[in-house]
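You will see chain A twice below: alongside chain B first, and alongside chain C after that.
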Partner chain A sequence: MVAICAIALGASLVVAALNLRYGIKERLARELRSYGANLVLVPRTEPFLKESDLVILEDKRLKDRIIGYAPFIHKVAKVDGKDVVLVGARFSQLSKISQWWQIEGRWPEKENEALIGTNAASKLGLRLGDRFSAVHKISQLSLSVTGLLHTGGAEEHQVLVRLETLQRLTLLDGFLTSVLVSSPAGKELEETVAILQKAWPQAEARTLLQVARAEEAILARLEIFLTLVSLLILTAAGLSVYATMSTAALERKVEMALMRALGGEERRVAWIFASEALGMGLIGGILGCAAGLLLSEIIGLSVFGSFIFPSLLSLPIGLALGVGISLFCSLWVVRRILALQPAVVLRGE
Partner chain B sequence: MEPLILLEELTKNYDGKVLALNRVSLQIYAGEWVAVMGASGSGKSTLLNMIAALDRPTSGSVRVDGEDVLSLSEEERARFRREKVGLIFQQFYLIPYLIALENVMLAQYFHSMADAREAAEALRRVGLGERMGHYPSELSGGEQQRVCIARAMINQPKIILADEPTGNLDAENEERVMEIFRQLHKAGHTLLFVTHDPQIGTQADKIIKLEHGRVLPTFPAKALRSI
Partner chain C sequence: MLGCLLAKSLWRGKARTVLVVLSVATASTLVSAFLNIAFTVTEEMAKELRSFGANILLVPKSEPLEIAIGGLRFVSPEESAYLEEAELPRLRTIFWRHNIAAFAPFLSRMVEVEGEQALLVGTWFDREIPIPEGKRFFAFANGSRREVAPDKGTFHTGLKNLSRWWQVEGQWPREDKDGVLIGNELARRLKVGINDRIRVAVEGKSVFLSVRGIARTGGDEEKQIFVHLKLAQELFKLPGKIERVQVSTLVTPDNALAARASRIGPANLPPEEYETWYCTPYLGSVIYQIEEAIPNTKGKAIRQISEAEGAFLGKMRLTFILVVAVAVLVALLAVMATMVTAIFERRQEIGLMKALGADAKQLGLLFLLEAGLTGMGGGIVGYFGGLTLAQLLSVRTFSLGGLGFSLSLQAAIFPITLLAAVAVALLGSFFPAKEAMRLEPVKTLRGI
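Here is the complex of A and B:
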C-alpha cells in the first residue's frame, strides 16, 4: 500500500509538472498578448486599408492564430485651436488587446463620447465629464470626456473616439489607417505574418519587434526554467519511488529465500515479484496520472483562472515512471537477494 | 545397501574465521530417523543446510539419493530441493498473507501444479481440517508448525529435514508434532532432525552428536534412552 502510494505520488508530481510545463507556457503566451499587440497592419501602396477587408482576419486559417485585433483610423484635428491626434477605434476590440491600460472613468459607449490621453487632457485643459469640439477641415464634432487614459505610451497624447464617428468626421467611411493584431509569440508569429501577407496583399504586416522579442525571451527563459523544474521533480519522484520499492522488496527477502528453499527456480521467483511490482506500478501510475492531471488543473485554475489543456505526453511519461521504476527497483533488489544462498537469508544475515 | 545421504569430509568455513563444520563424514540410510544434536553453534543447522542444498560447503562432498549435490547448478539445486527434500523450520516461515491451504499449495506450485484438494487432504492428515482457511497470524505456534509439516510432505519427498521443529512449541503441541513425525517414520519416511533437546533426540533411531563442527562417535538412540 505504501509502495502504491509512493508510486502514485511520484507519478502525480511528474504528470502535474509536465502539464504545467506545456500549459503555463501556452497560458503565459496568451497572457502576454493582453499587454498589447505585436503586429501592425498598414497600407502597402494605397493611403488607406478597406474596412471591408477585415473579414480576411476572420478566415479560419488566421482565426486560430489571432488572439485579437483592433482597426484604427488616425487624423489630426483641432481642439480649441490646438492640433490633436484623433484616433477612431472599435472600443470593444481595443479593450481586448489593451487590458493593461488604466482608465479613469469609463470606455466611451455612445457616438459623441471620447477617451482622452492624460497628456492631451492636460494640454487641452479638459477633465472628466467636460464637453469639447473637434474640428477637421469643415466638419465639426461635439464630444464629452468619459475617461482619462494612462498607458505610458503615445496614446496619452491622443483623443480616442468611436471608429464610425471619426470616419464620418473625416469623410472616410469604410477606410482604415492601421490594424493592430495580437498573435501568439515565437515561431507562430512569423508564420502568422507570412499568412497575412498572402491573404491581404494590400496590407503590409509589420512585427512590433520590441514586443515580439521581449516575449520570445520571456517564453524561452520560462521554458528552460520549467524544463529544469520538471527534471528535478522527475528525479526526486524517481528516487522516492526507488527508495520505497527497494525497502518493500528488501522486507520480503525471507519470502524469496523460502520460495527458493521450497524449490522455486530463480526466474520463477523473480517473475512472482516482478508481476507484483508491475501491478503496483500500473495501479500507482494510473492513480498518479489522474491525481497529477487534477493537481495541474487546480494550479492552472488558481494561477490563471482557467483550465490547462492536458499534455498528452505527460500521461505515458507518468505511467512509464510508475511501472518502470517499480519494476526496475523490484527486479534489482530481487536479483541481489536471489544471488544469495537461501540459507544465508533464512539465517537472518 | 547404498546410503540415501552420504557426507564425506564436509567442511564449512564462514569467511575463513568460523569453522562451522570440520571434515564431517556420515551415512544415513533410507527409512532411518536420525537426530543431529549438539550445543548452539556446534554446526547442526549448517549440516542440515548442506544436505538440503541451501548452502555450499567449503570442501568435501554431499551425495543424496545418488546425486552429487555440489556439482549441481543453481537451477538443478532448486529441482533437487523440490523433488527430494521436505523442509521444516523452527520459525515456520509461512507466508503471512496466504491462508494455511495456500501456504501448502505454494510448495505444489513450485513442484508441478497446485492442487487445492490434495493440499486440503495434507492439512487434514496433520489435524488442521478445520483451520485451513486461516492466516498464519490466526494460528497457534503448534498449528503453524503442522502447516509447515503438511507443506514439507505435500510433494512426497524422499527426505524430511527439520531444524528444531519443536523449538518454539509448548509441551502439548510438541507432543502432537512428534506424534506426526512418529507416524511419518512408521510409514517409511527418512527423517533427519536437528535438535538440542535430548527428549526429542532420543525418539530417533540414531543420534549424531556434533561438537565444534566435528562428529562425535555415533550411537543408537536406544543406548541413550536406556541410561
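Here is the complex of A and C:
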C-alpha cells in the first residue's frame, strides 16, 4: 500500500513536471504576446493596402498562426487649425493586441466617437466628453472624446477613430496603410512571415525585431531552465520510489527465504515478486498520472487563471517511470536477498 | 556513553550512513539550488528583458504635439521644446542609478536626402560619459538624510547599448567621425549601399555624408537616418539641445504600494510608505527621481514594454515558486523514504538494545541524534552542491557568467537548507523508530 502511494506520488510529480514543462512554455509564450504585435504589414509598392484583402488573414492556413490583427489607416487632418495624426482602427481588434494601453474613460463604440492621446488632448485643449471637428481637405467630421489614452508611445500624439469614419473623411474607402499582426513567437514566426508573403504579395510583412527578439530570447532561456528543473524532479522522484520499494521488498525477506527453502527456484521466486511489483507499478502509475494532471492543472489555474493543455508525452513517461522503477527496484532487492542463504535469513541474522 | 554509542553505530553502519547522508545531501542540494535560483531568476530575467528596449521616455515638460506618420515626424517650430544635453549625466546620480542600464538622447528634424524627405535623427551611438562628482544626499520625508557613495569614472551608454535588437549591416558610425546609419527601407529606396556618399540638405544647406551601416529593425527606424548628436545639432543650429531621451532601467514589477503611489501621488503617501516607495526601484519611483534630478523634464513609462515586462515577471516568479515548492517536496519525500528504510533495517538492533534494558527515551535520543548528525552532514554537503548546481543552471540558462552571490542572500539560504535537512532526517526517522520501539523485543529478535 505504502509502495503504491510512493509510486503514485513519484509518477504524479513527474507527470506534473512534464506537463508544466510543455504547458507553461506555451502559456508564457501567449503571455508574452501581451507585448503587442510582432509583425507589421505595409504596402510594398502602392501607397495603400486594400481592406478587402484582409480575408487572406482569415484563411484557414493563417488563422491558427495569427492570434490577433488590427488594420489601420493613418492620415494627417486639422483639428482646431492644428495638424494632428488621425488613426482609423477597428477598436474591437485593436483592444486585443494592445492590452497595455491605459484608457481614461472608455473605448469608442459609436460612429462619431474618438479616443485621443493624452498629449494631443492637452495640446488641443480637449477633455473627456468634449466635441471637436476634424477637417481633411474639403470634408469635415464632428467627433466626441470618449477616452484619453496613455501609452508612453506615439499614440499619445494621435486621435483614434473608427476605421470607416476616417476612410470616409479622407475619401479612401476600402484602403489601409498598415496592419499589425500578433503571431506566436519563435520559429513559427518566420514561417508565418513566409506564408504571409506568399498569400498577400501586395503587402510586405516585417518582423518587429524588438518584440520578436525579446520573445525568442526569453523562450529559449525558459525552455532550458524548465528542462533542467524537470530532470531534477525526475531524479528526485525516482530516488523516492526506489527507497520505498526497497523497504517494501526488505520487509518480505523472510517470506522469500521461506519460498526458497520450500524449493522455489530462484527465478520463479523473483518472477512472483517482479509481477507483484509490476502490478503495483501499474496501479501507482495510473493513479499518479491522474494526480499529476490534477496538480499541473491546479498550478496552471493559480498562475495563469486557465487550464494548461496537458502534454501527451507526460502520461506514458509517468506510467513508464512508475512501472520501470518499481520493477527495477524490486528485482534489484529481491536478487540481493535471494543471494543469501535461506537458512540465515530465516534464522533472522 | 551516548557519544560512544553514537560514534560506534554511525561507524558500524558505514554504508548505511553514507547512503542516508547522500540522500539528505541530494535533497538539500535541491533545496539550496532552488532557493538560490528562485531568489535570483526573476532578476536575471529582468536583466535579460532590459536588453530589449527602453522603458522610460524623457521629454520636455511642455512636450510639443508631434505629427509622426510613416517614419516622418513634424513639429511646429514655435511649439518646439528642448532638454539640455549637458544635464544627461545627472541620470547617473539618482538613488537608483545602478539600475539605469542605458540611455540615449535624440534630436530629429525632417531633411532632404538625395531629393527625398526623411527624418534625420541625431543620437549617441556609443559613448563614455563622465559621472558628475561630489557628495550627494537623499532626504527622506521624516527628515533623515542618507549619504550616497559617489561613483567614480565613466558610464558606457548610447543607442548601441540601448537597442541591441537592431541588425546593423556594416558598422555603427563613430562618435568622432561624420558617418550615417541608414534605415534599411530608405537605403533600398535611395539605392545606396555601405560607403556610398549621400547628400543631406537642411534648410537650403547641404552636406555629404558617407553611409557606414544599414539598420534593420522592422519599425519606423527603417525609414530614418541616424547621425551622431553633435552633427545633428550643428545641422539644425541647436547646439547642446536634445528633444527626448530613451532610458532603459531595471525595475521591480508594480505592487499595491506602487499602484497607490501612482494613484494619489507620491507626495501624499504616509512618510514611511513614501520612504519604502522611494527606495524601491518601481518604474514610478525611478521616473520620479529622474524628474527630481533633471529640471524641466517629464518622464513617461513606455507601457508596451514596462507593462508586459511587469506582468511577465510576476507570472514567472509565481511559476518558479510553485515549481520549486513541488521539487522540494519531492526531495524531502525521497529522504524520508530512505530514512524509513534505514531504520527499518535496524529493527533487530533496536530489539536487542531494548532486551538489554535500554528504555525508550534513551533509544529515541540515540536515533534522533544520529538522524540529526547525518542530516547536518548531508545538509552541509548539499548546500555547497546546490550552490554549484545553481551556478551551473544559471550559466546554462543565462549567458551572464553566473549569479552574483550576495552574502545576505546566502546568509538566509544556508540556515534554511540546514534546517530543512535536519528536520527531514529527524522526521524521517521518528515514525519508523517509534514503530520499531513499540514492537516486542522478542519478536523483532526472532525476526518476525
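Methods note: the second predicted complex is superposed on the first by the 349 of 349 C-alpha atoms of A that agree within 3 Å, B and C clash if a C-alpha of one lies under 4 Å from a C-alpha of the other, contacts with A are read in each partner's own complex, and residues count from 1 in each chain.
The rule is short, and it goes like this: a residue touches a chain if its C-beta (ideal position, glycine included) is under 8 Å from a C-beta of that chain, and two chains touch if they have at least 3 such contacts.
Computed from a predicted model, the values in this text were never measured in an experiment.
Once the two complexes are laid over each other on the shared chain, residue contacts for A:196 go to neither chain B nor chain C.
After overlaying the two complexes on the shared chain, residue contacts for A:286 are found with neither chain B nor chain C.
By the touch criterion stated above, A:177 is placed in contact with chain C alone, chain B being left untouched.
Judged by the touch definition given at the top, the superposed model places A:94 against neither chain B nor chain C. Once the two complexes are overlaid on the shared chain, A:329 sits clear of chain B and of chain C alike. Of the two partner chains, chain B is the only one that A:263 touches; chain C does not reach it. Residue contacts after overlaying the shared chain place A:342 against chain B, while chain C stays out of touching range. Looking at the shared chain after the overlay, A:254 reaches both chain B and chain C.
Put chain B and chain C next to each other and count what each touches on chain A; the higher total goes to C.
In the superposed pair of complexes, A:70 makes contact with neither chain B nor chain C. Shared contact residues of chain A, touching chain B in one structure and chain C in the other: 254, 346-347. Touching chain A in their complex are the following residues of chain B: 45, 49, 52, 54-56, 74-75, 78-83, 87, 89, 93, 95, 106-107, 110-111, 151, 155. Those residues of chain C that touch chain A in the complex are listed here as 23, 26-27, 30, 33, 41, 45, 48-49, 51-53, 57, 63-70, 74, 76, 79, 163-167, 216-219, 222, 300-308, 311-312, 315-316, 318-319, 322-323, 326-327, 329-331, 333-334, 336-338, 340-341, 344-345, 348, 393, 396-398, 445-448.
Touching chain C in their complex are the following residues of chain A: 6, 9-10, 13, 16-17, 20, 24, 28, 31-32, 34-36, 40, 74-76, 82-85, 98-102, 119-120, 123-124, 150-154, 156-157, 177, 206-214, 217-218, 221, 224-226, 228-229, 232-233, 235-237, 239-240, 243-244, 246-247, 250-251, 254, 295, 299, 302-304, 346-349.
Chain A makes touch with chain B in their complex at residues 254-255, 258-266, 268, 341-344, 346-347.
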